[in-house]
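Here is the structure we will look at.
All chains are identified by letter, namely A, B, C and D, in their written order; residue positions are counted from 1 within each chain.
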Amino acid sequence: MSRQQLVISLPEAAAMIKDGNSVGIGGFVTTNKPMALLREIMRLRTRNLTIIAPPSSMEVDMLLGLGMVEKLITPYLGAEAIAPLGPFHSGWAGKKFSIEEMELGTLVAGLRAHAMAVPFIPTRGVVGTSIPSLNPTLRYVEDPFGGPPLIAVPPIEMDVVLIHASQADCYGNVQHLGATFIDQLMAQAGKKVIVQVERIVSSEEIRRQPENTTLTSEYVDAVVLTPYGAHPMASQNHYRVDAEFIKEYVRVAKACVKGQPELFEEFVTKYLDNPHGHAAYLETVGLERLFSLGEGA
Amino acid sequence: MSRQQLVISLPEAAAMIKDGNSVGIGGFVTTNKPMALLREIMRLRTRNLTIIAPPSSMEVDMLLGLGMVEKLITPYLGAEAIAPLGPFHSGWAGKKFSIEEMELGTLVAGLRAHAMAVPFIPTRGVVGTSIPSLNPTLRYVEDPFGGPPLIAVPPIEMDVVLIHASQADCYGNVQHLGATFIDQLMAQAGKKVIVQVERIVSSEEIRRQPENTTLTSEYVDAVVLTPYGAHPMASQNHYRVDAEFIKEYVRVAKACVKGQPELFEEFVTKYLDNPHGHAAYLETVGLERLFSLGEGA
Amino acid sequence: MFVKTKATAKETAAVFIARQINNGDYISLGTNLPVPAAGVLLAQMTHAPDAKINVLSYFVNLAGIESFPDLGQIANPSVARWADGIMSVEQLIYGIRRMDLCFTGGLQIDQHGNTNLIGIGDDYNNLKFRGPGSVGTSTIMANCHKFFIYVHDHSPRTLVPKCDFISAYGWGNGGADSRSKLGLPGEGPKYVISPKAIMDFDDVNKNMRLKHLLPGMELTDVIQSTGFDLIIPEHLEEFEPPSEIELQILRERVDLKGYLRENKE
Amino acid sequence: MFVKTKATAKETAAVFIARQINNGDYISLGTNLPVPAAGVLLAQMTHAPDAKINVLSYFVNLAGIESFPDLGQIANPSVARWADGIMSVEQLIYGIRRMDLCFTGGLQIDQHGNTNLIGIGDDYNNLKFRGPGSVGTSTIMANCHKFFIYVHDHSPRTLVPKCDFISAYGWGNGGADSRSKLGLPGEGPKYVISPKAIMDFDDVNKNMRLKHLLPGMELTDVIQSTGFDLIIPEHLEEFEPPSEIELQILRERVDLKGYLRENKE
């Protein structure tokens, strides 16, 4: 018998996400976001999703704008100095979708609790803040050593987790070759984990520096080859964030929440619905533009 | 102003450990043990130490044999198939030194609690075992979500932590280039951290693959250059365990606990007290022997 | 490149921050805070070459670099080029107890140094404005040794008597024991830095207090721009203005694009 | 190299273990357990090329290797040569909930599958024999899906009615709910494997029960070598002996040094 290969196509990957699923999105703010996977899911308009993400940006805003999200759990939605975003900042929150108020240290504790198979991890991180009263999943827990009570964060689990990384072998051994942010914790808490990569390399290449492996095949269910797959976000070692693209999106999203959905719809048609597949998307963006995103001086 | 360099000599490093200190020892069983640092401390016969170590071997046994240890906290003392060891297995435990019964998952939880600055981390790992009744630092904690109670592991902190790694720059950025075992957690819980390395490399070499850095200078107080410094233990990427040397030690240690300390004393004189410095120790072992420990077929 | 014009208020604030940093301090830089970032970089390039700086997951030392390309995009994988190491966010968060200095901003900052990045309004499910979220500020500010609050907009809308929501706890309802009785390990907010002034907290009741006016700012304007009764000390300390060398480094190596020289807040 | 002699008891035990493993199982191998290690490697080289194996911090796949050099030294950085990844022990421990199969040994194993690596004696501070310690077995056996216990020495000294100390919890004082009422996520010990026999546990009271005699072993010897009343089923299942190919792979690729062919236990 030979080892099973885990490489699948984008449509096969997107079909793994069902209406009502909880979906984790890796990366951090505008870096290493699994955009190709998300675009494929957005094309399908999968509905009633619970989105769980570390600090996030345009990718989550688009899911909200397309009406695909029932509940949002993220400590941050923005795009640093590039721009504030659309739907999340508007009156949609609490009405078109619900928010389970989250903070990064608390999210990490919840993912950690899942990995450790314990009913909670205690934290002082949100003691005294409004978060315990805004997030109904949190409880107080006594300190058996006599100190003041802490907040108990219960395990967080997801149906599917989507990750973007530099490279993987066909067996699902993944190397970020840079920051992993909370991708490893997310993957540990995912019932299914799909990783999109800039390139697929040989098993021997992975084994050349096994200490660089960030997710072993234990944690990976499928690998999808998506060069430039994080665009318009940055992909570590590969290309920078396409700030102009995000600004364009922010313009159409802002118009949309002000009741003028036409530009948003045009954007969605142009970049999501019309391109048949990831390669066609990249051609729509334009290769020259993509090439210009390499690291500068 | 220029950056401060952290490279010091072995005697300077050993002088950082005082009588009565709690000392953490990195590595795992017979791999990546900071033997050169420990030999230097053993030469000084620093006393009343509390030793905290992940699965450990001859290095801890020698500290016990030399009467330097007041309290031992380790989940394992042995040497896998090589041999059972001396004092630990004898009637010395509980008499010449005390044991705070520990388990690896519990140790990790305690180190984690320290790093997270919480009074405890809950675990089910030792529920039902004898460990909660043997280790007075553990408490029961209620599950605020209604499940059965768990064991609360309080923070573990150490005065000094000793680590062995492949390489570091002179500013204290360390790369193991392989397994880190629990070295990172140990370092996070050390008030002072001393790292011995096979080689010191340039800052530029470290920055070539910053994702390989396992301890940044935040966690490192001193770096000591000790080629072959893990001998007789294995040093990942460098040399294998010197099983014959460990067997020799086990023979003399066993004789010692049976009331015949002569061979043990000879061993201590030959390998610890007589050699003036690390280079002299390596010459006593013999370079041909050291060279033979390279990776085989 | 260096033009010998007077320091702007933001440049002065950055110099203030730089001077608070000791060589060897471990400092975490968050997103979207160019003034604190400039202060930390200035310190690193002058008296604190051993300051340990993390930016997201990247542990960088910038003491020897020629210049930093874009202060507005510091949380960016491009900083990996100067990284001594890259750590997971979890390792970062669990190293907070070692952090000497961190920064946070806020939609609202109240008189006791609590900050709000959650949203504005009385009804959580019907906010007037939804904020970006807490990021990691709750956990970081609870645990790090001390933190500074940066206010983009010094106005009664931002500096309020009481935050609508609290994302990072400062001194709660006031009082020097308000943190210790909750078990929070960190020493709490030390300074509040705005484009108009630098403020600290009264030792006893932990109410916000004016410390320095920034260049070109008027005391009456600062009082009127603050939505609560700022404590005004009898004797307002003079702040030693930025030196020529500090300004030169700021302008030629730290802030090439002039974020701190723009007039807009 | 392959000599067509009959399978030894240890080889048969390894084959039994191999046959319990499903392709794709996630398996953790501890130190100093050559028989379980041989079983796992045999499975990987036959029907389980996708079994995910970790040895300490090394995540290896050995499906395609020519041979494994030293079964007695499996927990050794030399295995890094076949590693797909290297993880910290913390990551490993926190991935236990995903582990399908783990192994533990013991100085003592009791009739309910509790194991003792701590020590022998009534008085903890005056033990007759101090054991090596629990390693990570308490946490791993509490959480992994199922585990097998390997007994080096099948004797009344080792297989005891009640352990002096418990390092890894099996079925406590017996009863199918003894784990769930403590909240332990794992399904507990499934088999006990000695050089004489393979045992499992009664479904209801979780008392240890004989399942197979290993080649050359006598029932009366097994009964006398067990320090408690082993349940003897009316009808003892026949174990399909190792096939020629299983033996060949064991001897030529897995166990070149013959750990499983030695007579000593």
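Please note the rule applied: a residue touches a chain if its C-beta (ideal position, glycine included) is under 8 Å from a C-beta of that chain, and two chains touch if they have at least 3 such contacts.
It should be emphasised that the depicted structure is a prediction, and the values quoted were computed from it without experimental measurement.
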| item | value |
| --- | --- |
| Shortest walk length in steps over touching chains, subunit A through to subunit B | 1 |
| Whole-Å gap between the CA centroids of subunit B and subunit C | 40 |
| Whole-Å gap separating subunit B and subunit D, where each centre is the average of the chain's CA atoms | 28 |
| Sequence positions of subunit D contacting 2 or more other chains | 58, 80-81, 86-87, 143, 183, 185 |
| Numbers and ranges of subunit B residues touching at least 2 other chains | 112, 116-117, 119, 123-124, 143, 147, 150, 178-179, 184, 211 |
| Pairwise chain contacts under the document criterion | A-B, A-C, A-D, B-C, B-D |
| Partner subunit A, residues of subunit C touching it in the complex | 31-32, 34, 56-58, 69, 72-73, 75-78, 80-81, 86-90, 93, 118-119, 124-127, 129-140, 142-143, 165-169, 172, 179, 181-185 |
| Residues of subunit B that touch subunit A when the two form their complex | 116-124, 139-145, 147, 150, 152, 154, 176-179, 209, 211-212 |
| Parts of subunit A lying in touch with subunit D, wherever the complex brings them together | 1-4, 112, 114-117, 119, 169, 171, 173, 184, 188, 203, 206-207, 210-211, 213-219 |
| Residues of subunit C that touch subunit B when the two form their complex | 23-24, 26, 46-50, 52, 54, 58-59, 61, 63-64, 80-87, 91, 93-98, 143, 183, 185 |
| Interfacial residue positions of subunit B with respect to subunit D in the complex | 28-29, 31-32, 54-55, 74-78, 80-81, 84, 88-91, 93-95, 98-99, 101-106, 108, 112, 123-131, 134, 143, 147-148, 150, 178-182, 184-185, 234, 236-237, 240-241, 295-297 |
